[in-house]
Amino acid sequence: MMSGPMPDMDDAVAIADTGAATPEVKVRARNLKKTFRRSNGELVRAVDDVSVAVEAGKMLILLGPSGCGKTTLLRCIAGLERPDEGEIWANDRLMFSKSPAVNAPPESRGLAMMFQSYAVWPHMTVAENVAFPLVSRGYPKREIPAKVAAALKRVGIPSLGDQYPNRLSGGQQQRVALARSLVVDPQVVLFDEPLSNVDAKVREDLRVELVAQQREVGFAGIYVTHDQVEALQLADQVAVLREGRIEQLGTPEDVYCRPATRYVANFVGRVNEVEATITMGSGNDNLAAADTPLGRLRGYPMAPDLTPGTKVMALFRPECVEISDKGASHNALTGSLLRTQFSGAHRDHLLTTDDGHRLLVSEMGRFAGKTFSPGDRLTLVVDSKSVLFYPL
Amino acid sequence: MMSGPMPDMDDAVAIADTGAATPEVKVRARNLKKTFRRSNGELVRAVDDVSVAVEAGKMLILLGPSGCGKTTLLRCIAGLERPDEGEIWANDRLMFSKSPAVNAPPESRGLAMMFQSYAVWPHMTVAENVAFPLVSRGYPKREIPAKVAAALKRVGIPSLGDQYPNRLSGGQQQRVALARSLVVDPQVVLFDEPLSNVDAKVREDLRVELVAQQREVGFAGIYVTHDQVEALQLADQVAVLREGRIEQLGTPEDVYCRPATRYVANFVGRVNEVEATITMGSGNDNLAAADTPLGRLRGYPMAPDLTPGTKVMALFRPECVEISDKGASHNALTGSLLRTQFSGAHRDHLLTTDDGHRLLVSEMGRFAGKTFSPGDRLTLVVDSKSVLFYPL
Amino acid sequence: MAIMTQHIPAADTGTRKLSSLLFEGANGLLALLMLLLVLYPIGAMFVRELLPDGGVNIQAFRNVLSSSAFWEAAYNTAIVLAVSGSLSILIGTIFAWLNERTDAQMGFVSKFLPVLPLLVPSVAMSIGWIFLAQETSGFLNVFIRWLADFAGIEMRRGPLNISTWSGLIFVYTLHLVPFSYLIVSVAFRNLDPAYEEAARMSGAGRLRVFLKISSASVLPAIMNSALLVTIVGIAMYSVPVIIGSVARIDVLSVMTVNLVRGVYPPRIAEGVVISLILTAVVLGVWWLQRYMSGRQRHATIGGKAGGTSLVELGAWKWVARVLVLAFVAASTVLPFVALLLVALQPFWSPAIDVSMLSLQHFEELFQAGITKRALTTSLTLGVVGATIGMIVAAVLMEYARDRGGWRANTVLGIVRLPGAVINVVLGVGFLIVLGAPPFNLQGTALILLLAYIVIYMPQAATAAGSAIEQVGGELIESGRMAGAGKSRVFGRITLPLILPGLAAGWAMIFVVMVGDLTASALLAGTRNPVVGFVILDIWENGLYSALAALSALISMISTAAVMLVLYLGRGRLSQAGSFSGRITN
Amino acid sequence: QSDEPPAELVAAAEKEGRLVYYSSEVDAINEAVVKAFEAKYKIDVEWLRLASGPLASRFAEEKNSGGTPADILRTADGSVFVENPEWFLELSPDLVPMLADYPASAYLENKRSVLTQYSTYVFTYNTNLVDEAELPKKWPDILNERWKGRVVLSDPRTSISWLAWIDAMVKAHGMQFAEAVRKQDWDIVSSAAPGAQQVAAGAYDGSTPAFTGHATPVVQQGAPLKFITPTDPSILKRDHIGIVKDAKHPNAARLFLHYRLSREALELSCKLNEVGAPLADIPGCIEVPENPTTVKDVWTPEEARPLMEALGLSQG
């Protein structure tokens, strides 16, 4: 361990000799824990033994329902919250650990952050807002205007420098916040639901912009959201959190197509669930088979020991079902249409099977030609590769 | 017109003899106008000559970007804002008009409303919150507990009656607000972005609940949102607003598939836009043809006089494009793949054509089998029925 | 029509409408009544004194403007106000930040500490400080000299001297801090912590964040507090009369009071002229405040509030706490202890002889008929006046919020106006209007009550207004949509929600009413003497020990009453859970 | 001789049953006199005490706006009787039988007020801090270096009594006296009562100008306080009392004034306060010095201004 650091010293400690971080890893948190005490005395484990790492140019998304600890984890990394346990490195320096006692204040961690409420300071013009990090970090005075102008241009609001923020729309304010966090060319940027306060339409534009900026600046990002579409679109890695713990950490495809648990499957998208009993363990093609009240389904077992007879839950996503007119020996289900829900780019059919199961089927808009009416009996074929069996 | 009403009398006037409303129409606003004066003296036409009507059991969605006047329109109908011009009927009674001067106060209009901030009163228990409308409307005391219990049960929180709201999650609070607005079995319910403060996942659940409640209670609803997915899913009718005016009023399909203007097309979903010149007016199949830098496109003209030579904009949605391996004489475009974006249920391909146009193509998840890599040259075929020509 | 079978029984609509009409009518009437009550006395006096017989009383202006005494007092007032005002805003802002935004806060108690001075009538605080820091005999001086003696330093007087410029400014500042604290702390409470955190993340240290972000973003509130501090400071009488006159520092409030009630024949016209000038100053500050906050609209975007995180101060936390406690000691504890000591002594003496201490003066207080009656009258007036005043203020501010537009501006203007007029001048106005036929209220408790309500309306309105602002519009509107008329919504929703704010306002008003000196001296009758009256009497002719006993007594009564009310106001809502700051959803 | 009032006056007064008494006298005397009066007659007395300036100005303000409840006004500041004689009844033995015993010199010229007592101006001192030997026997002695910064001066702006004192000094010794006072660098106190207490507390060695009554309560508490009456000049302050015209209780007012002027009441007040009486041979009352100067007790602001300026005090 380090020899020098004094207890409680308010600074970061170089970790060259700890070997704790590989060079590309820009932020790393290890076994972080943070417990809060509610006003009624109850303890909440907001972050419970979480380890994450992000490399340069990559984006890690923290995804989970409200209250699962996403914000707390991010704020611990930022230095705005003090963890109970664990270690935090950023930019190759130890920022927090219990022993040796290190706790670098947020301003010296060299991280940038974007907030949900835009947190654009109302008493400063846009240019002053963007200049603030430069001034605080002691950039030479005469370089500042040029850097500010460049940052504003980059986020597409070059002419708004003189405005006060309250004159701007939500989308524009969030652009200011983005420019402000990127103006110092940070190596790490933290995002706490930065887009959840802006219009759905603007949100899409900003998301595209964010990806472009990341590509340009090459920062490592940690991004908190509870919107799974946002998560899947932005992420290099997604960490799905549940009650302070990481339930799954993987690529968007992993998390969406091969969710580790039913919780993850349900959280990152819509899913059909049918109870089933394994009839055949996984064969050469890795596929197993199971009997369901709706017929036999073939699919991937998601746990090692799903031997025949095991009760499982079969999951498949609504868009992995095809409405077919020809029957099939397995993975074919029939049901009658309850109603069709138009949602623009796609439409959802809600069916009920003969034994009362509800099934959701999602179709892309371009098949708009074939329409069905409630009561129609439809045959569905489920792609075997997208059926997953989970132990109960 | 009416004979009796005194100027400025604060009451609703029965409109039996005006014939202004057909029996099913529960709310009707006619030629409403409302202008605000900003603090800097500038005038804002928040609502500018808007007429809408909603029938029993139907849901009208007011959709538009921030600041387009959705809330103002809703508040005028609710009686929380006084229009400058126009007339409002609700429950077959005249609630507002300039002459005869009628302006019923909100509490006597018999409308229920749900707010964006849950607006659940923190000093009352959940049960007291829900009972308040009953008490205010003078329901017999002993019927109230049963009605409150029924309402709480209906929204799925039967056991929370004794709790104070600050102990509840956002989703639960919003359920309380829903129960509170539905407890009097209102014939009309107004919603001002009731779901925009809750989690994406909870939002979906609540949306389903709302539809179920509407089906059960049969109220006429007016629902404000800026989320086009929400709008398309909930609406019987969508009114797309732009700067205080209705840009298009129609079914979700109308608005999404046959948007009246480019503004609407862009607002309700994603769209590819290519400039084009009409080469052939619409023929028997109603299709016209136009030359674009990417090749010839056939599609529907969206204005009557698009004669050959007219400059137009050709629009088609990303999900109406098929990636094909066979060429085609028209509606076939080629480009090379820039990148693919995974978003769970679907994936988006961003292509660039040889002359630098960007095209977006959206694919359902089940085609996950075929994968492309950046740089691949792809041929796209656009369904003629989904290409729309708009005058510039 | 078939669907007319609405669930709204027609009769019910009728009664509801009637009660709403009554409510609105009553509100309008109240606004009108308040308008009369404020404008009529002020107006009548201005007309009588400055526009006698249709002409302008130029002589009064000439007398004032040509008097070197006026200019000296104006200069003194300006200096005292500028220095103590800035200091108190600075201290109030820092304390507000410490208590709302940093880990130096010490729970519920600490939020309460900086407003403690409001519970000690300013007369009592000033006298207490005379006992503490009079140059030769102040307890603190004697104590310090005793300590110095050990160190071999011999001093005959000092080192402190309250009867100096710095002493005067010191006591003014102690008195004004709570006013700025009250307003700025609410702003900090509502300030999105993300503003500060974003600044930390931008590389700014704690100090820079406080200076450039936290205090700068609450600038509108600071300006607002500057307005209140100006109003309170200009009208302040007991501090300058007790401390300033010994130091020969005359200020305009004391000068006005002397002109109006200290000399014979009374020179009311000149008092009115000075009031007019002060009104212009207050209006100027008001305009400045509106201009500044209009220019920089404060954008509070309600994100998810979350658990507000506090700025960690490290070791500075203890320094901060000590500062807050030192302030409480200086403003409340020390003066109170001094008062108590003197009250227990037979007469004020720096040599404390424990064997001589007794409750004699307290006993005499209760024996003296006039003191007993004065206590009863004052406490009754305080309770009734603070209650009516807060209700009136709440109804008016709600009316302003509800109606908006010119009505709101009129109401807001009216409720602030009394703040700009020196109390004693207002008192004369009341005497002129209500003391004369047909009212003939001269010497009654009613005229005092009305005068108190009007005089302290600006404070009451500020408290009620900020309480009402905290209640989100949608909470109220959803009440209307639930079918409740304005009166029911006010009674069942607005009122319970603003109750803690009203309770705090009540406490503040109660204390100033009980401690009022100037209007009381003019209006209190022989049958209903009030405490302020007795205090002045004892101050001018009685024993300091008796005065100390009375001051200590009313401080204790005020504190007890205020604690009780705050506790009740809080208790009512604590069942709804923790309830800090904004009540928007 | 008998000071008993005529029975019909008593009957008429008791029929009215009430009296409102405005007085600038110290509480102890007011209370004692009122108590004794109430014990004798079935009349409730309500009294209001303020310093003489505020009392007169309050009285005037009430008169100007719809009437005053006061039936009797007693103040050290005679101006109100001179400036507004129309507010008071002209006094005579017919009105108040007790006045038959009073010399013409006891009245104000316009007979709106009569004198109730003489007060002598004193120098109050702390016996722990001041030696007998140092005491100022004559007024000019207070201008010694010994007293520089050690005396507290009663503010001439708050009361005619203090103004009258400096006026008398200036009349006797010229304007230099006021200027010398200014050079003594004395702190100001609003009245001699707090002055006496500060002296008792040791804050100052002495307090002046003062009346004996101001020190009495502190002395009674055992404070190390005494006073001396300097001469050169010997000065006296008169107090005035009058009956308000259109009073609500005219007969009660007459009866009360009769009582207040009676030997019994004079004795009572002298006992509480070392003052002189307008009637001779009242036990307990101090000797009126030989050739005393009676100070000027009616003032206009213009007359006061040069004195204030000499003292370095600003006045509105």
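By written order: A, B, C and D. Residues from 1 in each chain.
Throughout what follows, a contact is a pair of C-beta atoms (placed from the backbone, for glycine too) under 8 Å apart; a residue touches a chain by one contact, two chains touch by 3 or more.
Model, not experiment: these values are computed from the prediction.
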A-C against C-D, pair bridged by the larger set of C-beta contacts: C-D
Whole-Å gap separating subunit A and subunit C, where each centre is the average of the chain's CA atoms: 52
Between subunit D and subunit A, distance of the C-alpha-averaged centres to the nearest whole Å: 89
Between subunit A and subunit B, centroid-to-centroid distance (C-alpha), Å: 28
Computed distance of Cα centres, subunit D from subunit C, in Å: 37
Subunit B residues counted as touching two or more neighbouring chains: none
Multi-partner residues of subunit C (at least 2 other chains): 297, 302, 577-578
Residue list for subunit D, restricted to those that touch at least two other chains: none
Listing of all chain pairs that touch each other, if any do: A-B, A-C, B-C, C-D
Sites on subunit B touched by subunit A in the complex: 65-67, 169-170, 199-202, 204, 226-229, 232-233, 252-253, 256-257, 267-270, 317-322, 341-346, 362-366, 368, 383, 386
Touching residues (chain side subunit C, partner subunit D) in the complex: 64, 67-70, 72-73, 134-137, 163, 241, 245-248, 250, 255, 258-268, 270, 346-350, 370, 428, 431-433, 435-437, 440, 442-443, 521-522, 525-527, 529, 536-537, 539-545
Contacting residues of subunit D [partner subunit C, same complex]: 20, 26-27, 46-51, 53-54, 56-58, 60-62, 64-69, 77, 79-80, 83, 155, 157-158, 160, 187-191, 193-194, 197-198, 200-204, 214, 217-218, 221-223, 301, 313-316
Touching residues on subunit C, where the partner in the complex is subunit A: 192, 194-195, 197-206, 208, 212-213, 216-217, 219, 296-299, 301-304, 306-307, 309, 312, 314, 577-578
Subunit C contact footprint on subunit B (complex, rising order): 10-11, 14, 16, 23, 26, 39, 56, 78-80, 91-92, 105-108, 110-113, 115-123, 132-133, 136-138, 164-167, 173, 177, 180-181, 184-185, 187, 190, 197
